[in-house]
Structure formats: structure tokens, C-alpha cells
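Quick notes on the structure that follows.
Labels run A, B, C and D following the written order; every chain starts at residue 1.
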Amino acid sequence: MTDAREVIARRVAAEIRPGTLVNLGIGLPSLVANYIPADFGVFFQAENGVIGMGARPPEGMQDPDLTDAGGGFITAVPGAAAIDSAMSFGLIRGGHIDVTVLGGLEVDERGRLANWMIPGKMVPGMGGAMDLVTGARRVIVAMTHTNKDRPKIVARTELPLTSARPVDLIVTEMAVLAPTPDGLRLLEVAPGHDAAQVRRATGAALSD
Amino acid sequence: MKQAIRATELAALVPDGATVMIGGFMGVGSPERLIDALVTCGRRGLTVIANDSAVPGVGVGKLVTAGAVVRLVASHIGLNPETQARMNAGEIAVELVPQGTLVERIRAAGVGLGGVLTPTGLGTPVEDGKPVIEVEGRRYLLETPLRADVALIAARRADYVGNLEYFLTAQNFNPVMAMAAKLVIAEPEHIVPVGVIPPDAVRTPGALVDHVLGRAT
Amino acid sequence: MKQAIRATELAALVPDGATVMIGGFMGVGSPERLIDALVTCGRRGLTVIANDSAVPGVGVGKLVTAGAVVRLVASHIGLNPETQARMNAGEIAVELVPQGTLVERIRAAGVGLGGVLTPTGLGTPVEDGKPVIEVEGRRYLLETPLRADVALIAARRADYVGNLEYFLTAQNFNPVMAMAAKLVIAEPEHIVPVGVIPPDAVRTPGALVDHVLGRAT
Amino acid sequence: MTDAREVIARRVAAEIRPGTLVNLGIGLPSLVANYIPADFGVFFQAENGVIGMGARPPEGMQDPDLTDAGGGFITAVPGAAAIDSAMSFGLIRGGHIDVTVLGGLEVDERGRLANWMIPGKMVPGMGGAMDLVTGARRVIVAMTHTNKDRPKIVARTELPLTSARPVDLIVTEMAVLAPTPDGLRLLEVAPGHDAAQVRRATGAALSD
């Protein structure tokens, strides 16, 4: 059986156009890079300061001054650019990032993402997520459809929002959904699932 | 020409209760020797402005562990459980700021602007208590400038007049913080003669730097 | 990888009536071949945003002489008597903006901020008609972002993916303008293979650049 | 007889402390650099983008990409830094310039400078002057005391101000004056002049 994370990452990768500038969140979203062809001319931004992030470096070749936004060692592809935090978030907030892919705790029926804290439980901080959701041209949420069988796509979320701006696409291992002014639309059902299953696993109304 | 200082001189420059900006991102591009010096001299009551508190034993994480920090302004503390524990125990007041807002608030102070008008944080808890200004039909949060008494800056190289050069992702908050503090102390990995860093490679002009930490002896 | 364009293709990219940002300071760091192409194709009705209008025959001055400009947003026009004459004749509307405000207004547009809160211009004619915002007991002018349809950028070197490097004082407004326009066209002195410009020397990442002007043939 | 401009430039130079960052306006203020000892460690900013501006380059050695704010060829001293306009004016407005020296059309009794336009006659634009007067730590006006025998230091100016912030010092070929909350103070009378002469050539009250 295919891993849910792989299914999600592969499907998100199909959304990435050649020659674009893409920011992948840490964790599941970072797997998307594995499914983008090398000749696509896609540049990945790590918001801590590089455009043109590459894969993990060979053992022993790591540079402590070249890491991703999670602090992990990376490489830089030919044509990479090193930037400071002001420039990095200038690109993000200024609409220069074509696509950002972020993980999610919950998404509400209006397509608004919550992914940075669970009051009373987990307060990691928003890092760059609020700027990314507010500023990137296209925001894709990549997350499992449920958390221990509890829907993560809900009518209303009790969690603090990451941004008032609705995301553009939600990709789970079960489905692809898009927020619209009339609510969430079910665009695709993943192979091995059916629409009824998706609806049962979802806490918000889905139109076709 | 700057005088190189020793780590032991830092105590006299950073008093208890000071507001200190510290460069770095998850410990990358952090002035580790200057941080160690603050721990060694037993500093207390610091307000630290930094992107994150790294992990225990690294960068700002060392100051958290040492109990030197009473207030932390940062965008992320999720990878340091000690920061979370001390926050929950009421020992550290944490102000969480979106990363792009954090760097612009620091920049605003450094470049003499009165604040930042950003869409980031609207409709979230970040908006609470802040003025919303409408410009050309769109709404923006007004975020205030962030200043510090001291900025501790990590650089790849400094020259004798204090020009700083950074390397890859170790740049992050360092050049912006070097503009926003009354006193700027740089910790370079290498100190080179004037002229070795060409004018176009300088990201922090020496005029912004008050002291350069000498090489470890 | 960018496609190199020819100067003759510029006409199709910059229509009459467009708002065009043009890098340069008194003609230094100005995209002269791109400017020549706009003159050659007989563009009319342009709004030009630039630091200055240089002198007749140089940089933006060529567009003024050609009668291509109906509106100019700049900090200084004093060294181009033609700009003054056309302004006095009502042929060019000139908006004079303090230089630091000009670059921050452009930057604000480029980095997604809603405006600039600056003390510059308070108590002068620059204040007229603008909101004044008080932050922490101090007053600031609210200046709006400046955007453009096209930015014409001069660089020392570009690589095949459009990364740009600048040289000494030819940098000036170029990197900021490269963030604030819908379409960015770079005119480099040299075009080099990817990797020749190291990551830390890139001041404008190629992702911001739409077209690179090919070498003159 | 010594040239008035030289007298002014020499006197202003005495105000410059070692190791400072200084911005000199074009024209008369730029002459100040001639009287600063080379071993003073003073860096001159040209607001178009360099810290560490040096003297004119040798004939044939000029680089068209290295000029001052007037567009004239310059050199760069060892330790110079090239910066863009955002950084340059960030330094100016952010209070990182220790001293700026600017020319003036008129200064009023409160010490406020007008130097960027004469309505109906000359509209060159303010360039960087408004930011410099607003943001530099210390602002020195270097100008001739009169213009064709008409005082340039006046009770009230009809000219548009450069900044609401009073300047810190006014240096002319006749005198050195400082604005105070109680009006202009006459600090020094230049050799070859006397206080009565200075007062006759001044359109505002001067205290001692």
C-alpha cells in the first residue's frame, strides 16, 4: 500500500509548473521536491535565505552555513542566490513566490488554514507561515485528510487562523479540494477512495 | 579601524536587563562565542529579539537554558522544549511575531521608518490590539519598530574597519539587526585586511559596527 | 533559463501609456539600450518612475527629449533643463519625491507592504494632502507604494537564469525596482554561464527577471 | 584674499571627528573633504551608493560605474562598501550618518533650512536633502552669508522648507551660528569680520 504522504506529495507535484519559484514547508510539503523533474527549471526557496535549495548533501560535505528552514543541511543548485531575511520575506509578501505548499492542522469551510498553534497545548509559533499564506500567489495545503479519524477539514475551526486569506487548493491522500465563494468544492477523489468516503471523513459540506 | 574586543569584555557592554538582538536562524549564523560569554558572565533579565530560540545548547537556546532571558520576541520556539516549558511556567514572556513582520519591524527601526504596514496577521490573533490602517482600499496592520540596546551579529568575515560579509543561509537576520541597535558587536569567523572584502561583497558597512570580537586565543 | 530578447522586441512589451520604472542615478546604472529602443519605436504617453532625468542625451533624458514622457516621478530634475522646460510648458507632469521616500515607496510595492511611514517631508510641501500617522508619540507621513507595469534594469552581469549582479554605484535603484513591476527586463553588460555569479553575489534573483536583453549584435 | 568657500570649508572640517561617517552635499560642501586629514578614518558617503568615496580618479582611470551624487567620477578608498539606494537612505534616515554638510538658499530664525526650490524660478527637486536633514545625527549648513548682499539667514523664509527639523550649525565665511530654542546664537565671528558686520548681514536676531 502506498504511503499517504507519498500520494499527497505526488499529487501536489502535479500542480507545479516549469520555471516557477516554489516554497515548500517543512515535513510533508518538503517531499514534493522529490517528484519535480530536474529539468523543470523550478527554483525552491528556503525562507531562511536561499533560492535554489537542492537535495541533501553527500555525507561529510555538509556546510553548517547552508541549511533549510528546519535547520537541516541542504545543497544549493547551480544558479542559486543567497538572500537575507528581509529580501526573503520581501519575495514572499510581495507576491513573488508562485506557489507555497504548507502543512495544516485544520482548514475551515471558507478554505482558511490553521497551522501554527493549538491553544493550551502546542505553541510553536507561526514562523514564516502567516507571510507565506498571505503573500504567495498560490497556496496549497498538503495534509492528511484526518487526524486519528477526526476530520481536519471542518465547518468552523476553533484554532487560531494562519491568515484570513483562503488557500487555493487542499490536497490530501483522499481528495483534492478547492475553496470557492460558495464553500469547498470536491475536485478529485484519489484512486482507492470514493466520494461518499471523502464526505464522511470531512467535517464541512463539499460541493461537486 | 576597530579595536578587537575579547569575549570577556562583553559583560561590560551588555548589562543585566538589556534588550539584545541576536542574529541566526535555528542556530545557523548565530554568534556562538558572544552568546557563550553572556552565559559565562551570568547575565540576567535580558530581552532577546531573535528569529527563534534554536534547540537547547545551540544559539539563543543556551541563554534560555541559563535562565538569562525574561522576554523573547521571536517567530518560532517550537523546536526548543525548554523555551516552551519556561513560557508555560511564566519565567519567559514570549511575543510571537510572524517572521516577515519581525524582520521588517527590525528594519523599520534601523532605517528610521515609523512602523510597518503589513497584511500579514490580519484576521488572526496577531491583529489583537493593533491599529488597522486602510491604504488605497486595502487594510494593513500597523506594526511598530523593534529596537535594541545591543545587536550580536555573526559574520563570515570582517575586515579591520568592520565591514562584514556573510555566507549563504548564515546571513538571515544579521544584516538587518546590525542597523537597529545602539551598539553593534560582530563575531566574524575570519578577520581580514582592508581590501580583502571587495566593496560589492560588503553587506554590513563597517560604519554600523562598533566592536569586532577578536579571534579565539 | 531565460530567453534573451532583442532591443526590437521591447516595443511589444512596453505599450504607449505604460508606467515604467527605470534604474539609474544621473545616467549611471541606466539601461541605455532599452531606453534607446523605446525612443526608436516612438513610445508616447509614458509615466516614468526614476531617481532623476539625468541630462539631455543620457538615460531618462533621452525619453524626455523624445517627448515620450507625460508624467515623471523623480527626486531630482535640476540637471536637465529640458525636463524643466517641458514641465513649465505643461507637457510633463512632475511629481517630486524625496529620494529616500522614493526608494522606500518602490520597495513597499515590491515587498508587499501597504505604505511607508517616514518623518521625511513633514512640515514641507511634501506633506500636502497626505495622511499623518502618529506612532509611539512621533508623527510620520504615510506615503503610498509605487508600482509599475515594467521595470527596466541595468546590471553588470546576468547569468542564463537571470540572476543579476551590480557594480559599485551603478546599483542604486535597480535591485529595488526589479521587485516592484509586473514585467522586469534586465540589460546586463555581460551574460555569463550559470555558476559564474556565486550565490552570495546575486543581488536580484533570476526569479524576479522576466527577460534579459541579449548582447548587441 | 582667501576665497569665502575655502574659509567655510576649512571651518566646517574642524567640526568633523575622527572615525565618523559623513555625507557632503555637492558644490561647496564637497570641498570640506579637502581639509580632513587622511589618517582621520572618516568615511564619506555618496548617497547614490558608496561609503568610502575618495578623491577624483587619475585621468583615464575613471570608471563610469563609480560616481558621486552629482554624477562626477570618484574613487573608492580601501574599506569602501557599495550599497543600493534603499540601504543608502536607510543609513541616512536611520540616524547612521554622523554628520551631513549641505548648502543652503536660506535658513530661518528657528534654524530651519530651505535649499531645494525657489517657487516660480528653480525647481530642481529635493534629491536626498530632505532625508539628510531629517535623519542625519548632525546637520551643518555651509553657505555664503549673503547672496548679492541679501541676507540668507532670515527671520522667516518664503521658500519651502527642506525639513521641519532645525539644523545644528550654520557656517558662513563671516560667522558660525547655532539654532537654539531661543533663536539663533552667534558662536564665532570669522577673522577679518566683527559682530556688528555679521548682524548687519543677517536678517534675523542673533544672541551671543
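By our rule, a contact is a pair of C-beta atoms (placed from the backbone, for glycine too) under 8 Å apart; a residue touches a chain by one contact, two chains touch by 3 or more.
The model shown is predicted, which means the values in this text are computed figures rather than measured ones.
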Joint neighbours of chain D and chain C, given as chain labels: B
Pair of chains joined by more contacts [C-beta pairs], A-B or B-D: A-B
Separation of mean Cα positions, chain D and chain B [Å, integer]: 34
Centre-of-Cα separation between chain D and chain A, whole angstrom: 54
Computed distance of Cα centres, chain C from chain B, in Å: 32
Centroid distance [mean C-alpha coordinates] between chain B and chain A, Å: 28
Residue list for chain D, restricted to those that touch at least two other chains: 50, 76, 82-83, 86, 89, 92-93, 134-135
Residues within chain B bordering two or more other chains: 104, 107, 111-113, 118-119, 166-168, 171, 199-200
Pairwise touch network: line, ring, star, complete, or other: other
Complete list of chain pairs which touch one another: A-B, A-C, B-C, B-D, C-D
Complex contact set, residues of chain C against chain A: 1, 107, 109-113, 159-161, 163, 179, 194-195, 199-200, 202, 205-208
Partner chain C, residues of chain D touching it in the complex: 46-50, 63-67, 69-71, 76, 82-86, 89, 92-93, 122-131, 134-135, 160-164
Residues of chain C defined as touching chain D within the complex: 25-29, 51-52, 54-55, 74-79, 84, 87, 94, 96, 98-101, 103-104, 107, 118-126, 156, 166-176, 203
Of chain A, residues touching chain C in the complex: 21, 41, 43, 50-52, 76, 78-83, 86, 89-96, 134-135
Residues of chain B touching chain C in the complex: 104, 108, 111-119, 133, 135-136, 138, 140, 142, 144, 165-168, 171, 199-201
